[in-house]
Amino acid sequence: MSSTNLDVFMPVIILIALAIIMFVGAIGVVGKLLRPHKPTPLKETPYECGEAPVGSAWSNFNVRFYVVSLIFIIFDVEGALMFPVAAVFKDFVAIGAGGVVLGSLLLFILILASGLVYCWKKGDLDWVKSFQLSEDQLKKLNEVEAR
Amino acid sequence: MVTLGSYLFLSFALFVAGLAVIIARKNIIAMLLGIELMLNAAALNFVAYTRFVNSNIDGHIMALFIIVIAAAEAAVGLAIVIRFFQLRESIHIDDAAQLQN
Amino acid sequence: MFENILFFISSFLVLGGATMVVLSKNLMHACIFLLFTLFGVAGLYLTLGADFLAAAQLVVYAGGVVILMLFGIMLTGGTENKENRFGIEKIPGMGSVKTYIVAGVSILFIATVVLKIIANYMRHYQQTDLPEYMTTVERIGHSLLTDHILAFEISSILLLGALIGAAMIARPRKS
Amino acid sequence: MNNTIVSYLSQFEGHQKFLAVASEFLGFDVTALVGFVIFFTACFILVNVAAAIGGLGTYAERKISADIQMRQGPNRVGPYGLLQFLADGVKMILKEDVVPAQADKFLFNIAPLLALSGVFATLAVLPLSSGFILTDLNIGIFYLLGVGSVVGVAIFVGGYASNSKWSLLGGMRGASQIISYEVPVTMSIISIVLLSGGMSLVTVTESQGGLPHQWFILHNPFTFIGFFVMFIGTLAEANRAPFDLPEAESELVSGYHTEYTGMKFAFFALAEYAEVFVLCGIVSALYLGGYKVPMDLGNGVFFVENLGLPAVIGKNIGQLLQLGAFFTKTFLLYYVVIWIRWTLPRMRVDDLMTLCWKYLTPISLFNLIGCAIWVYFFENQSMWSVIFKAGAAGAGHH
Amino acid sequence: MDYTISSIAPIVLLPFFAFAINAFIVKRFTKLAVFISCAAILGSFGFAYNIFCDFMTVYSADYHIHKTFNWFNLSHGNLNFKVDMGIYIDNMSAVMLLMVTGAASLIHIFSTYYMKEDVRYGRFFVYLSLFTSAMLGLVLSDNLLSVFIFWELMGFCSYSLIGFYYEKEGAGNASIKAFMTTRVGDVFFLFGILAIWSIVGNVTFVDIYKTIAAGGFDGAMALGIPLATVAAFSIFMGTVGKSAQVPLQVWLPDAMWGPTPCSALIHAATMVAAGVYLSLRCYPLMEVGNLTTAIAYIGGITAFGAATIALVQTDIKAVLAYSTISQLGYMVLGVGVGSYNAAFMHLITHAVFKACLFLSAGSVIHSLHDHHTHGHVQEMPRMGGLRKKMPYTFIAMLLCTFAIAGVPLFSGFVSKDRILGDALLAAGYSKSFIIPAALGFGGALLTAFYMFRMMFLTFFGEPRDKELYDHTKEEKISWNRNVPLLILAVFTLGVFYSGSLTGQKIVKVFPKDSIEWFKTLIVEPKVEKFQNYQSEPFAWTDTRNKTRFERTKYDPTYGLPQEEYDHVHHVHLIGAGMSVLIVILGVGMAAMMYLLRLWNPGWWVNTFARFYRALQNKYYFDDMYVKGLIKKGLLPLNNLLAAIDMGIYDRYAIDGWQYVVRKIYLVSKWFDNIMVDTVAVDGTGASVRLMNIVLRTLQSGRVQFYFIIIIFLLTFSSYIFNQNF
C-alpha cells in the first residue's frame, strides 16, 4: 500500500485548464479577431439538404435508446464494483484464498449475466423488433405479388 | 484551511440544492436530478468523515454503494417516468397524484 | 497547496453547479450543470484522498446517469403542442415563484436547525493530525471481499432487479 | 509510489542540484513550484503533440485512403502535402462561426469544450514510457474510462444543441453507441486488471514483457479473443468506421457536427483524432506490451552498467527506446484503424447494436470468467509457460 | 449440554431457507414445498426444544445467552452512536421460542388438512414459513432495530395472509386496513427507537437497561416532556398497534378474512403476542417513563370493551377474534399493574388455548359445507348439536373454553387470575388502578359468558339448520386434523405452568416446588443486574462458563417480607374467590340463556336495544373511521383541508382565509352533531378522529407535499434528539 501525494493529480487539472485555454483562446480571442461575422437568416437555419426545415428538431424520441442506456448503466456500475475486486484478485490467489474470491466473483458476474439473458429473451436487445409474419399474412403477400 | 466543517457545509449546500429542486420543480425528471444531488451530498459526508474522523475504509464502501444505488434509482425512476409519460403524455408531478386512472 | 487549489476549484464547481441546477429554466441546462456539480464532487473526493471513488463518480455519473437523464429528457421533453389530451400543459413548468418561495422557507427552516447542529458539532470537534493520503483501490478491494462481501453480492441482485424492473417498465408496448 | 514525470526527473542529480541552488537563490523551497513548472511544460508539450498527431492523423487518413483508392491525396502544401493540416487549421480559424438561430447557444458552445477537455484529460495517464508518463495514477484505466465517457455526453449535447434533425439523430446514435460499446471494453479491461493485479497503466505494462509472447494478447486464449473485442470496442467508441454512424455522411449529412463551423468543428475533429490516438495507445499498453522494449533495454541499466554511459544519458536512452516502442505500436494500430475505415463498409444501426450486445458483451463476459479461472488455476502463468512446464513434466516422466 | 450459535441460528434460518426455496419451487412442486415447510418448522422446533431443555437444566433466573457483533459504529469522542446486532436468549425467550415453534408446527400440520383443497395451497406455506422465521427472529433479537425489522416483516406476512383470498373484496380491504392501522403504531415505534438511540447511543435491550440503571434517562427532556416518557409511549404505541389495543384494535376482527390456520397462528397465538412481548422486554423503560397507569387503563378498557362486543357476535371466528383482543387486553393490563410474570404466563397460556380454539373453529367450519352457496359456514345460528358429529373437536374446544373462561385447574385460570389478583393489589395501593381492576373482573365475567355461549350454540342443543347438519360428515380421527388439536388441548391444563391456584403458596393443588418453574425462572428484569454486564462476541464457538449461574430456588414469598407477603396473599385469595364466583356466574348465565333456554336472549336484546346496536356495530369504531369520518365528516373537512392546502400552496392568502372561515363554521356544526350523537357510546372517538384527520390530510397524493412534511418532521426530530450536543 503506497502513500500518494495529491500532486499526482495536478496534470489532470492542468490538461483540462489547457483545453479551456485553447478553446477560449482559439474561439473567443484569436478567432474573434480574425474571422468574419456576417450572419444572415438563411445562414442561421439548420441544414436540411436545401429544404426549409419544418418545426423544431426537439421531438420525442424512440424509447429504445433509453433501454440500451439502461442496460449499459447497470453494467457500468457492475464494472465499477468489479474493478477493485479484480485488482486484488491476484493477492488473494497468492495467499490461497482464491477459491472463495473466484466463487464470489463468478456469482456476481453470473447474476448480472442472467439480467442480460433476460433482456435478450425479451427482445430488449433487438434494435428493430422482427415481426414474424403469420401464414395468412404470407399467403396474402404471395397473392399480392402474384397479381 | 480546509477542515471537516468545509466539507460538511458543502455537503449541506448540495443537499439543500437538491431539496430546493425537489420542492420547487414540477417536472419529475428535474426532481430526479435533485435526488441525485442529495445522494451525492450523503456520499460526500461519508467520505469526509472517513478522512477526518476515522480512517477505516467503510465510509468509502458506503459511498460506493450510494453510487450504485443512485444508478439503480435513476434507471428505475426514469423508467417509471417514461411509462407515465406514455400513459398520460405528461411529466408534471401533480398529474401523478391519483392512484387510479 | 495543490489540495487547496483543487478544493476551491471543486467547491466552486459544486456550489455554482448546484445553484444553477436549482435556478436554470431549461431542463437540459440543469442536467449539464448537474454534470459539472458531479465533477466538482469527484474533485472533492480527490481532495479527500478517495481516488477510486472519484473515478467511480466519473464513470457512473458522467458516463451513465447523466446520459440516462439526457435520454429521459429527450424521450419526454420535446414536443410541439403544449397541451396533451388531458388539457394539461405537456412541458411542466420548472417551478414558479410560489414553489420557489415554499422551497426557500423549507430550506431556511432546515438550515437553521442543521447548521446549528453542524456548528455545535464542529465546536466539539478537534482536528487531529490527518493521515497521509493512501491509495484506496486495494483497501476497497480487500474490504469488498472480506467485510462487505455480502453487500457486494447483494448489490448484484439489486442491480439485476433494477435492470429487469426498469426494462419491464420502460419496454415499448404496441398499444 | 506513483510515478510521475516529476518523480522521474528528480532521480537525477542535476535536478536536485538545481533545486538546491534555486531555493537558495529565491529564498524559499521551490520544489513545489518546479514540480508545477515541469508538469505544466510536459502537459503543454503533450497537448501540442496530441494536437499535431490529431492534425497529422487527418493527413495520414487522406494519404492512406488515397493510397488504398489509388489516388494521390494531398500533395501541394509542403513536402508530400505534409503541412496540409496546418493549412486546414488556418482555414478553420478564419471561417465564420455560424450558430443556428434556433440553437441552444449555451450547450452549442459548451459541447466542443466538453469533448476537448474529456480527451485531453485522458492524455494524463497515457504511458508513453516508464518515465515520461505525465502521471501514473493508481486508478489509471478506470480514470480513463470515466474521463473518456465525457465525450459521449459532449456528442449528445452537441447534437441536441444544434436543433437540427440530422444533428440530433447523430448525437443520439453517437451517445448510445459509445455507451453500448463501453460494456465489452470495460469487461475486457477488467480481465486485464485481473491478470496484472493493478489498474495503473504502468503496472499493467510492467507485468508484460518486451517480446510478443510475453504480451497479454498471447498470455492465454481468452486475452487473445479479448484483444479483438477491445479493439472493435475502441473503434466504436471513437466513432470510427465501420462504426461511424453518428457522422454517417451518406445518411446524416455530417451527424452531430453538421451545424458546427470553424474552430468548433475543428475542436470536435481534433478531439476525435486525438481520442483515436489515445485509445490505440491504451490498447497497445494493455495488450501489446506498451512501451516495453525487448531485452529490458528500456530501463537503461544495460547502458549504464555494460556500456558505462553516465546515468543521465543511459536512462534517457532507455526512455527514448521505450518511447519509440510505444509510438511504433500505437501508430501501427492507428494505421490499422485507418485501413479498416477505407476497407469495410459502414454497419447498419441494428447490426451495430446486435454486434455489441449479442456478440461482444457475452464474449467479453466469457473472457472475464475465463481469465479469472485461468488466474486461479494456473497462478497467473502465461500459456507458454504452462505448455512448457507440462511438456517438461511429461518429458521428465518418460 | 453445550451448544453454540450453530444450534441457535437454525431456529430462524430453517424456516427462512424453507421460504427462500419454496418461493421458487412452489408453483411446480407444491407437495414438496409443503413438505419442506413442515420439515423446516419441525426442525426449528427441535432446536428450540434443545435450548429449552438447556435452560431447564441450568434452572437459573439469571441464565442467558447474549452474543453481539457491531453492525456499524458512528461514535466519535464521547458521543455514542452505534448499532449492535445479536442474539439474546433468556428464560423468557426460551419459553417463547418453544411456544412459537411448537404452535407453528402444529398449525403447519393442521394446515395440510385445512388448506388441502385450496388453489393456493403451496403459497400459504410460503407465507407461513416467512412469518415463522420473522417471529422467531424477533424473539431472538437483542435490540430494538432488528425487532423492528422482523416486526415489519411480520406485518407484511400478515398483510399477505389476510388478503390471501384476494378475489374477495372484503379480504383485500381487510388486509389494507390491517396494514394501515398497524402502520400507525409502527411509525410511533420507529420514533421511539430514534428517541432511545438519541439517549442511549445504542439500541440493544441490555444497553437500555444499563442506561436506566445509570440514570441516563433522568432529566433528558424534549419539548418539556421527559424523553423517557416519549420513548416509552412511542414503543408502547407499537404494542397498541400490533396487539390490537384500543384505539387501534379495529384491524384484528377483519383479519379473520384470512384462512383460519393463519388466524390461529398470526392473529391469535404469535404475532399479536409480539406486541406484548415487546412491552415486557421494555418493561423497565415503561416504569421509568411513568406510563404504567395509562397502560393499565388501556389494557382494562380493551379487555372489557372487546368482551362486550364478543357477546353479540354470531360468527364463530368473530367471537374468537374479540376474545383475542380481550385477552391481549389482560396481558397489557398485567404489564400495567406490574404483574410481569403473570402477563407473560398469560401470553403463553393464551397462545396455546387460543391456537387450539381457532384450529377447532377451523375444523368445525371446514366440515360444514353449504351446498347452496358452496361455501363454508361460520354462522353460529346455523350450527348446534355438533357434539355428536365431531366429538374430538368438541373435546379439544371444551378444554380450551374451560381454560379461557378461567375454570380452576386450567391454564387460563392460573395466569389470568394472577393478573387480576395483582390488579386488585394495585387498586389497593393506588386508587387510580380501581377502574382497570374492575374492568378486568367485569371482562372475566363476560368472557366466561360469551365463550360458553359459543360452545352451547355450536355443540349443544338441537341442530338449527337440519340440512346442513345432515350433510356434515362424521368426524374420524386423523393425524393432521385432530392430533394437533388434542396436543394443544392437553397443554391447557394448569399443571404445566403452575402448581397453585392463586399463584401463591397456600392454595396449592400440587405442592411440589419444581412445578413452579415458570414463576421461578421468569423474573422481571432488574436494571441493576445489568450494570456490569458484558456481552460476548458473535462467534461460532461457545465460551461461556455455565457454572457461574446458580440454580435458583423457589422462593414462596417472592423476596417480600412476611407481613407484606401475607397481605399480597390475602388479596390474591380474595381475587381467586371472586374469579371462581364470576366463572360460575358467567357459565350459569350462558347456560340459562342458551342451553336450558330459560331466559330469552331476545328480551335482553330488546331491552338494551341501543346498547345492542352499539355492540353489533363494534362501538361504531369502523363507522367512525369509515362512514362517519370519511364519507360524512371528512368530505366537508376534506374540502377545507384541500382549501388550506391550495391556499398555502397555490392561492393567495385572503381568498384562502375567507374559505377557511366559512368551512370552520360548517365543521363546528358537524362536530356538534356528531359529538352529541356518538359521545354516549364512544369516548375515545374524538382523539381517534383527530388522528384520522391528520392522516387524511396527508393523503393529498402530492409527492412534493409529502416530501415537505417528511423533511420537516426529520428536521424536527433531529432538532429534538440533538439536545445532547
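Note that the chains take the letters A, B, C, D and E in the order they are written out, and that residue 1 is the start of every chain.
Just so we're on the same page, a residue touches a chain if its C-beta (ideal position, glycine included) is under 8 Å from a C-beta of that chain, and two chains touch if they have at least 3 such contacts.
Everything numeric here is computed off the predicted structure, so don't read it as measured data.
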item	value
Intersection of contact partners for subunit B and subunit E	C
Fewest hops from subunit B to subunit D - one hop per pair of touching chains	2
Chain centroid nearest the full-protein CA centroid	B
Which of C-D and C-E has more C-beta pairs touching across its chains	C-D
Chain whose Cα centroid lies at the greatest distance from that of subunit B	E
Relative to subunit C, chain with the most remote C-alpha centre	E
Separation of subunit A from subunit E, taking each centre as the mean of its C-alpha atoms, in whole Å	55
Centroid spacing, where centroids are CA-atom means, of subunit A and subunit B in whole angstrom	22
Length of the line joining the C-alpha centres of subunit A and subunit C, rounded to whole Å	19
Separation of mean Cα positions, subunit C and subunit B [Å, integer]	5
In subunit E, residues with contacts to at least two other chains	76, 704, 708, 711
Residue numbers of subunit A (touch at least two other chains)	2-5, 7, 9-10, 56, 58, 61, 63, 65-66, 69-74, 76-77, 79-81, 83, 86-89, 91
Of all residues in subunit C, the ones touching two or more other chains	2-3, 47, 49, 51-52, 56-57, 59-60, 63-65, 67-68, 71-72, 74-77, 99, 102, 106, 110, 114, 121, 125, 135, 137, 139-140, 144, 155, 159, 162-163, 166-167, 170
Contacting chain pairs - touch in the sense defined above	A-B, A-C, A-D, B-C, B-E, C-D, C-E
Contact set on subunit B toward subunit A in their complex	64, 67-68, 71-72, 74-75, 78-79, 82, 86
List of subunit C residues in touch with subunit A within their complex	2-3, 5-6, 9, 46-47, 49, 51-52, 56, 59-60, 63-65, 67-68, 71-72, 74-80, 132-135, 137-142, 144-145, 149, 152-153, 155-157, 159-160, 162-164, 166-168, 170-172
Complex contacts: residues of subunit C adjacent to subunit D	1-2, 26, 28-29, 32, 35, 51-52, 54-59, 62-64, 66-67, 70-71, 74, 135, 137
Touching residues on subunit E, where the partner in the complex is subunit C	76-77, 649-650, 704, 708, 711-712, 715-716, 718-719, 722, 725
Subunit D residues within the subunit A interface of the complex	1-2, 4, 6, 32, 35-36, 39-40, 42-44, 46-47, 93-103, 112-113, 116-117, 120-121, 123-124, 134-138, 142, 145, 160, 162-168, 172, 175-176, 179-180, 182-183, 186-187, 190-191, 193-199, 253, 258-259, 262-264, 266-267, 349-350, 352-354, 357-358, 361-362, 365, 368-369, 372-373, 375-376, 379-380
